[in-house]
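One structure, pasted below without further comment.
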Amino acid sequence: MFLGLYNYWIAILLMMIGFYIVIAHGNLVKKLVGLTIFQTSVFIFYISVGVVERGSAPILAEGISDYSNPLPHVLILTAIVVGIATTALGLALVIRIKESYGCVEEDEIQKLDQLNEEKS
Amino acid sequence: MVIAIAIVRTRNLLAVVMLSGIYGLLSACFFVVVDAVDVAFTEASVGAGISGLLMLAAITITGRKEAPKRHKPFLALFVVLVTGGMLIYGTMDMPYFGAADAPVHQHVAPRYINESMQEVGVPNIVTAVLGSYRAFDTLGEVAVIFTAGIGVLSLLTLPRRRKKTSSDEATEEQMHERHMVVRIVSKALIPFILLFALYVQFHGDFGPGGGFQAGVIFAAGIILYTMLFGLDTAQKVFNPSIIQLLAAVGLLLYASVGVVSMINGANFLDYNVLADDPIDGQHIGILIIELGVGITVASVMLSIFFNFDARRQAIQNSNKQKGEQDVSRTL
Amino acid sequence: MNVFLEISSGLCLLIGCFLCFSGGIGIIRFPDFYTRMHAASVTDTLGASLVLIGLMLQSPNGVVLMKLILILMCTLFINPSASHALAKAALHNGLLPLQAKPDDQGGNKPSKL
Amino acid sequence: MLAHLPILQVVVPLMAAPLCWFLNRSKLVWIFALLVCAATCTNSTLLLIEVMKSGTITYELGGWEAPWGIELRIDKLNAFLLLIISTIATVVMFAANTSIQKELSEDRHTLFYSLYLLSLTGMYGIVATGDAFNVFVFLEISSLSAYALIALGNDRRALWAAFQYLIMGTIGATFILIGIGMLYQMTGTLNMSDLAIRLVDVGHTRTVFVAFAFLIVGLCLKLALFPLHLWLPNAYAYAPSIVTAFLAATSTKVAVYLLIRFTFTVFGISFSFTTLPLQSILMVLGLVGVFVASVTAIYQQNVKHILAYSSIAQVGYMIIGYSINTSTGVMATLLHLFNHALMKSALFLALGAIMYRIGSVQLSQFQGLGRQMPLTMSAIVIGGLSLIGVPLSVGFISKWYLLIASVEAGMWSVAVLILLGSLLAIVYIWRIVEMAYFKPPLPGRETVKEAPWTFLAPIWALVIANIYFGIDTRLSVQVAQAASQSLFGINP
Amino acid sequence: MLAAATIAILVVMLLAIIRCIVGPTLYDRILAFNFFGTKAILLISVLGFLMGRPEFLDIALVYALINFISVIGVLRYSDSAEFKVTPYPPSSTQESDK
């Protein structure tokens, strides 16, 4: 029973790791890396869903009758694009944050903000 | 595959990026193993290529050491464990990995596999679904990329003040000197890369590939050029504002296919009416939208990269002319 | 003919894999960056070419052959130049070969991970 | 053309966004964007009329029938939502030009309008589509553009707020993606109505439970329900005023819509509410959210913060109505969606006007504004009264229905708590009023003038709508009732 | 034979990963990354044959190009002053600071 699910579990393990990085780490770039890992593991999960035993890549060719499920592939293609878009935007934000705060650590930024608040 | 743990532990951000690049490659290998060639294609070019490059560019700006202190790991760990526990609990009733009788393989997918050849006439089922059955998703995807492009632009555009300082010139020269071998090899490679991108673009119907992958590869080729020959040289060839316009054109091209089919009396993005023969129509439709996707992706990626790089240069310059002017907040 | 092809391709693959493997061991075992680099790049180029040639001998049709040749060309071009650039950058940025440090102990650097 | 209405709703702003780039002048782009918004507004009105008349409209994209292709599916609920969003977008857009001139540098204007339209596209897409994965894609469009819009804010804290929002939002979206993936795995389909049919068979499996949980958590992140609201106050406070007005009035509404859509249409009422303790959890969270947010709002110094926390509280009310799980409760939620969109956009626009004149929205800067900007301030007062739920304002109507719903369901304690929550609203609104009307103007501020008419017109349009729908409730109540009844499968 | 080759390549990949994680210098990691990339190309090609669909060599080609580009990218960005490595002995402690 467990063997049949191991693939999902690996994906879940990866998700947890990525998620942990996102929540627990203070460095903004690292957060984004974590986010990427998180998303990639979700992709792995999706693709695992679409696997058919003894199936072949979903490109029609003669003499092959079993194909793996193309739909998850399509979804993940879209999702990968979304992921890279998010990453790019996030990085741009990080750059701007670095420029205006001078640092990219979560707690430092919060400290700076508090100082700001007290001044005003 | 548990390289990710290493990423958690490593604090040197550059190493983290390398590791995440490897992670991307590895997951791409996994995708190949499980027959998802198209996805592998994309993941390889994105996970290991573009996103790595962007992160590198960002890191050079933001600095690469992570502060040692970590906060509230217990709470985070708790949340993560709960999430993971939930997920594992959820897997209990899942159909087994690779089981052919799972509902996923029973309901919608068979139609794609069995009939897409008659209905769309494209051997690559993924392309068929992407370009025709679920074309609206793809339109959304292009819009997402476009949004990201605009977003990055709106965040990072520098006011136009490109006058090259002499020190700038000097460093460039020095760098060119140093990278002689690589430059020559790359010069030979770049046309090949661009050609390959075009091949991927138009071969997407028959093999893995398509607009998105082609766009990324195309952009990667030009990025290579930029990295070796300097941003200014590259921007002379590829004018940034034209690139931005191209991004818009790509999206418009895609959407206008839909509009044309609407004018022809069918539903939005229904390619059957684009030509007399429905299959031909589908071919034309998919070709054009893939082209749209490719153009948008390539130009957005490029403009994102250009902006990152311009920022980097600006910062370097301002570091050199210490304190003369603060580039970052003159916006 | 077919048997010959099979055998030769198998041989190529075998040797290629062996080379890669030795490269892998080298990259782990060698004491400093430059020796590792040597291990990696030399075996890499030859090993990869051999594996690819082995595959070429098995290729069913012309298109596949073409692609393999392309990949081979790429590897041949890219690997040495990348290694070159890497070594140069390392040297330029002040990473010294091990020999330059007379009192350093050889062997793998103990790492703290 | 009538048959194409659903798709036009989404595609017109989508195509308009890149077109903005070809018009280089800020003013031109503004007019263009305004026209586009107005067009979508008309479009959605037509849609609503059509749906009320002839029932659900479906539109198959690419001509592929539903589970294989993607379909747009407009029923009363979405049509109502579309109308709300497009109206708000148009009205807010009207004031955009003036405000943007002041708050953004010249070279970002075009980008701003592009992003605004894209964000709008995303929301329309989410609301209109009938495909679960499509929801994710459009969700990302709208949120990516929202991050960028927020980051346009002048304060550097805007960047940080946008980054936080990006992290939280992406986690939320990824959770939703996981949920959709699991659903897909169990049913093999992505179409919502098809999902609903096929989920009946597998509804008992643990996978579906987990999928449901992930969807709900992900949506609650987007929705800023109480414990997951951390991103919202700063994001609203530091974004450009127009952006705040637009997002505050629309984005959480879309998330609420999705919540309703998934729980009622996809999973079905019996699954969502009888087999899981969702109702009580959400009810408690909603109530706690109302109180915590209202109390926090009382202690804020920045008026935008006050209103942002009040938004969280209002989301709490919506969730309460939703988790009462009766037709009346959902109707109250829908009404509150509508009303809250009206009040909040009016309030934030008014703040935008104040920002335009005095360059700050700190509470202490409000001294004496009551006399200097009488029209703007009175709009704030009316909006505030509406937030509290004073009779003759829209806020009263939705709270009234909320009370009725909770009393009908026999939850007296909930009803009492709702009333108490409204009392808290009085406190924070009163702080603004006190500052503006009972304090003399700050020194050096004597010359502050009334806001320009481009601000006043939309603000007062919204305020009048506020009062109108508070007195003549037929239209909104009728539509909301029809929508909620169709969700519960009651034919009126 | 192909299967054996696959396994061998996988093992080598593992070694490369170890080196990449262990470090100790930045350039070791880049080297390992490059090495890993080459192996990935081989793996994909071999896998294509193993699964009987050798048409997918395109992917391997992409890997080759991307690999090159990223190595160049790393080097290009390592030009900036921040990446200067101090001579060897301190660098081993400084670089692998975890």
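All chains are identified by letter, namely A, B, C, D and E, in their written order; residue positions are counted from 1 within each chain.
Throughout what follows, a residue touches a chain if its C-beta (ideal position, glycine included) is under 8 Å from a C-beta of that chain, and two chains touch if they have at least 3 such contacts.
All of these numbers come straight from a predicted model, not from anything done at the bench.
Visitor: Expressed in steps between touching chains, what is the minimal separation of subunit B and subunit E?
Guide: The fewest steps needed to get from subunit B to subunit E is 1.
Visitor: When subunit A is left out of the picture, which chains can still reach each other by chains of touches?
Guide: Components, subunit A removed in thought: just one piece.
Visitor: Can you name the chains that touch subunit C as well as subunit D?
Guide: Chains in contact with subunit C as well as subunit D: B.
Visitor: Work out the mean Cα position per chain and let me know which chain is farthest from subunit C.
Guide: D
Visitor: Could you see whether A-E or C-E has the larger number of C-beta contact pairs?
Guide: Contact tally favours C-E.
Visitor: Can you compute the centre-to-centre distance for subunit A and subunit D, using the mean CA position of each chain? Integer Å is fine.
Guide: Roughly 27 Å, centre to centre.
Visitor: In whole angstrom, what separates the CA-based centres of subunit D and subunit E?
Guide: For subunit D versus subunit E, the centre distance works out to 47 Å.
Visitor: Roughly how many whole angstrom separate the Cα centroids of subunit A and subunit B?
Guide: Chain centroid spacing, subunit A to subunit B, equals 14 Å.
Visitor: Could you say which residues in subunit C touch two or more other chains, in rising order?
Guide: Residues 74, 78, 82, 85, 89, 113.
Visitor: Subunit D: which residues touch two or more other chains?
Guide: Where subunit D meets two or more other chains at a single residue, that happens at 133, 137, 140, 144, 147-148, 151, 178, 184-185, 190.
Visitor: Which residues does subunit E have that touch at least 2 chains other than itself?
Guide: Within subunit E, residues 13, 21, 23, 30, 32, 51, 55-56, 58, 61, 65, 67-68, 72, 75, 79, 83, 96, 98 contact more than one other chain.
Visitor: Quick one: which chain pairs are touching?
Guide: Every touching chain pair, ordered by label, is A-B, A-D, A-E, B-C, B-D, B-E, C-E.
Visitor: For subunit C, which residues are in contact with subunit E within the complex?
Guide: Touch residues, subunit C against subunit E: 9-10, 13-14, 16-18, 20-21, 23-25, 27-28, 32-33, 36-37, 40, 44, 48, 51-52, 54-55, 58-60, 63-64, 67-68, 70-71, 74-75, 78-79, 82-83, 85-86, 89-90, 93-96, 98, 100-101, 104, 109, 111-113.
Visitor: Can you tell me which positions in subunit E touch subunit C when the two form their complex?
Guide: Residues of subunit E touching subunit C: 1-2, 4-5, 8-9, 11-16, 18-19, 21-25, 27-28, 30-32, 34-35, 38-39, 41-42, 45-46, 49, 54-55, 57-58, 60-61, 64-65, 67-68, 71-72, 75, 78-79, 83-89, 91-92, 96, 98.
Visitor: Write out the stretch or stretches of subunit B touching subunit C in their complex.
Guide: Interface residues on the subunit B side: 6, 9-10, 178-179, 181-182, 185, 188-189.
Visitor: For subunit B, which residues are in contact with subunit A within the complex?
Guide: 1-2, 4-5, 7-8, 13, 16-17, 20, 23-24, 27, 30-31, 34-39, 42-43, 46-47, 50-51, 54-55, 57-59, 61-63, 66-67, 69-73, 76-77, 79-81, 83-84, 87-88, 91-92, 94, 96-100, 102, 104-105, 108-109, 112-113, 116-117, 123-126, 128-130, 134, 137-138, 140-141, 144-145, 147-148, 151-152, 155-156, 206-208, 212, 297, 304, 307-308, 311, 315, 327-329
Visitor: Along subunit D, where are the residues that touch subunit B in the complex?
Guide: Residue positions touching the partner: 4, 7, 11, 14-15, 17-19, 21-22, 59-64, 67-70, 105, 107-108, 111-112, 114-115, 118, 121-122, 125, 129, 131, 133-134, 137-138, 140-141, 144-145, 147-148, 151-152, 178, 182, 184-190, 198, 202, 205-211, 213-214.
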